[in-house]
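The structures considered in this document are given below.
Two complexes come next, and they have one chain in common, subunit A, joined by subunit B in the first and subunit C in the second.
And then the complex of A and B:
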């Protein structure tokens, strides 16, 4: 066989292989598209969404948003602003409460996760049963939505910020506990051995050998959680669990349109501010950890 | 060199005193550290105390609540559907449908928005800053708030829930998409162009393959997260299983509450597993940028 014939043969083989691969890819693409289409159709049917109520609903939503825009004139700007934000100090106080709820909940969750996480790390806890139990407890804590806890706690403790705080704390304890335990698994064993050889008990080892290594990560996760918790705390008021949510609920239910936009903008500003501060703190913390 | 670590070798009290007298600077540092720790602990304690004072929670109310919680706990078990299983299942289906459509809508809206917010597509600095900040604004509001507003605007039902989920995710998804677009490597595009491709074909064969995995994995991740969010949207009347759940809590049907919560947990974990395996199949194992 000549060299040219071998080359042609190779090209042909490449061509058929490529074509078949291409066909296979096309087939998968069509199949994926079909599955997506069927899912969309099914979901639209389940959620009672069709082109008609889409066309009727969207202008309605747009009108609604348009109505929340306050009347602000240049000549009477101050008076208009005062009217729009008539409850500014009251809302600010409630936003402060929202942040307090989130802060206290994060702190309590941090404490609970700190105590539990060492028991949930496979490299620190020798007992497999213990690990399993603590991990499942964390899982149950974080699997139930905060709002469900809040509904139950409001029933038990009555209206107010405490049930909301407790709800967020429990959910966050589960989330933080899992993350902390994962951080613990990467701990440097040399310092653990060092502290143990000086005669430290198990808890002393955790506090003096493990904690110093992982604390920056813990705090960073807790700050991230705090940001999430501020967002969650803002809606707890919908079920009577404190914070700014209740005022928003009232404004929406009573159709006081400008008040809706006023409170929403305040929530957005607060969340953005907290995100900014926490991000700054986190970068500082991580920078220190690297040095 | 004597260090404070030497203390572990059984020192006598007088020896410690002697060491303290000989190396005051070392012990001063130790004392400063202790003082700092004490200050941090005191600040945290003061904050906790202040919070509890602000919340106004007395011990009597706390213990009364705990008692009620214990009382309630025994009614949770055994969980029972109370003959409402089909109704609950429909609610669950509605929840999943809302999560699916909300994610799809958000993803569809986020594709053009992501391109607009990418610095290498639209380089105007003011525009870039403006669009990024407004996307952040959408991100700051919980889906439940949008649900409340949309229920009021378009009426009770899952439509409000779909809109709420879409709106609350569009900010984050657009931001993630735009970052993916900004991180596209140019070398691949140059390679495609060197093979004689037009700019459209260059986008198709260099930008899309780089961006698509990030799109897909994030959309799947948000579908998971939306499934969780969608379970509680019903509390404000936006459809799904949350409506049944809130009702059962209001009328004290605790065994049914427990049943619904267990249904939610099972559904959420099934969706998690499905979405994770699909993600790994489509884009391989890669960490999420969240």
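And then the complex of A and C:
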């Protein structure tokens, strides 16, 4: 009898608690939805979003794309292709340069982020000031867009691939540094203590206890960054910082429509290829990381 | 000789170690027993300085270990090697590199950061692994080994430090009985053959009685027993563990059953991922 009575009490108590929890959750959902709605309305007002403008402009955009479609006839296909891709080898060389810019920049960024990230992790660096300083440096690095860095460096070092590479490297170092530091904070402290207890210095502990645990994640993030950097490097030419971008800008400026599509298609194919390769590598790495 | 004088460790308002004074003779094998939370771990970690004492002195000769810093602290840590319940290896490194970690305190920074070791150091590492019978596993990754094997790697790492003292914090609590015996036998052998002082935290009374000539009992951060195993009678066990504990095993039955099942489960877990 008493068992049944207490059981009912427990059920009733649960039911009331559950109901009130559900009411609270619903209230929060409505409140959140309302805030989101207001923010969206405000944002569209600020961004001058106008549906009519969009619909009126669409044919123009379509028209532009249509003009870039080259004339290809079956009977003169080879000649037409040759005319469309008249600068193929030159563009390929520039694309290669673009990839090199992205690759070297990612490598440099990896090095800088690796050296800095241990100082930015709360579980590894005892000095709160040190953490604060390194994190702010990373923030400054990644807060400024690559294009802005590129403009500054082109002004300082002149036209070419070097300023573009430096611009991407600095921005990526900030981005990777933050990600690496976050990975570090989930590291297994037992290995760290094991190495420390043997008399290892701080840097030795980082290299022997932390680094092996986090390296797959680092490399995975760096590959992801490399994908992004290839895309960035492709537009840096707009400000004279090397790569395929300059050629693309020229075509756009001079209204040489088929050339725009020719270069864009090459960029798309390259980016897609690199994405696929990096994706494959990262999947393998993450499988490795889970062990 | 290691002299600990009025050592305290407070976490907030609770005293984990409360006024402990104890001398440990060179070459002794001392077992520290007590319930979880009695302060055994904290005491050992303070000797290695993984934890900093709130007050008190730890004297090794005329050096006060409690106030060491920087390079001197690292040299001290190299001299008192630590062994942990969870082995604390770097799982993604191979076995021999884990052992070579014991040489880091003796290496200059730059070559060690490139994971460069001399042929002599590699030879020393292999000799250490040979002493714990797993030299043939040297090139395997640490996480492919069973629990017992991993603890033996940890002992090899300790040996490669060429320490004066080994501090073992519950070295057998995560192991199945057979591996546990093997690990305790190895520690006893090292103590006898090399004259290395061994201080070992145990919650298993039988192991303490079998392997240690001196047993220290802790309760509530204080030392409540210090003597030979034959002085450890039922009354002494009750002072260390409290009334609800059997004098034979030092643990209540339900708890020891739980520990046994856990250990068995861990031993059965498929750790041999590589094979």
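As a working rule, the second predicted complex is superposed on the first by the 233 of 291 C-alpha atoms of A that agree within 3 Å, B and C clash if a C-alpha of one lies under 4 Å from a C-alpha of the other, contacts with A are read in each partner's own complex, and residues count from 1 in each chain.
One rule holds for everything that comes next: a residue touches a chain if its C-beta (ideal position, glycine included) is under 8 Å from a C-beta of that chain, and two chains touch if they have at least 3 such contacts.
As the structure is a prediction and not an experimental result, all values here were calculated from the model.
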Partner chain(s) touched by A:162 [first = subunit B, second = subunit C, both, neither]: first
Which of subunit B and subunit C A:196 touches, first, second, both or neither: second
Subunit B versus subunit C as contact partner of A:170, first or second or both or neither: neither
Subunit B or subunit C, by number of subunit A residues touched: B
Touching partner for A:53 - first (subunit B), second (subunit C), both, neither: first
Partner chain in contact with A:124 - subunit B first, subunit C second, else both or neither: neither
A:204 touches, of subunit B and subunit C: first, second, both or neither? second
Which superposed partner A:213 touches (first subunit B, second subunit C, both, neither): second
Contacts on subunit A seen with subunit B and repeated with subunit C across the two complexes: 198-199
Interface residues, subunit C side, partner subunit A - complex: 48, 50, 74-78, 81-82, 84, 86-93, 97, 101-102, 104-105, 107, 109, 112-113, 115, 143, 154, 157-158, 161, 273
Parts of subunit B lying in touch with subunit A, wherever the complex brings them together: 8, 44, 47-48, 51-52, 54-57, 61-62, 65-66, 68-69, 72, 93-94, 96-98, 100-101, 104, 136-137, 140-142, 144-145, 148-150, 152-154, 157-159, 161-163, 228, 231-232, 235-236, 239, 242, 245-246, 249, 252, 257, 261, 264-265, 268-269
Footprint of subunit B on subunit A - complex, ascending: 39-40, 42-49, 53, 57, 60-61, 63-65, 97, 100-101, 103-104, 107, 143-145, 147-148, 151-153, 155-158, 160-163, 165, 198-199, 231-232, 234-235, 238-239, 242, 245, 248-249, 252-253, 255, 260, 264, 267-268, 271-272, 275
Interface residues, subunit A side, partner subunit C - complex: 188, 190-191, 193-201, 203-204, 207-209, 212-213, 215, 291
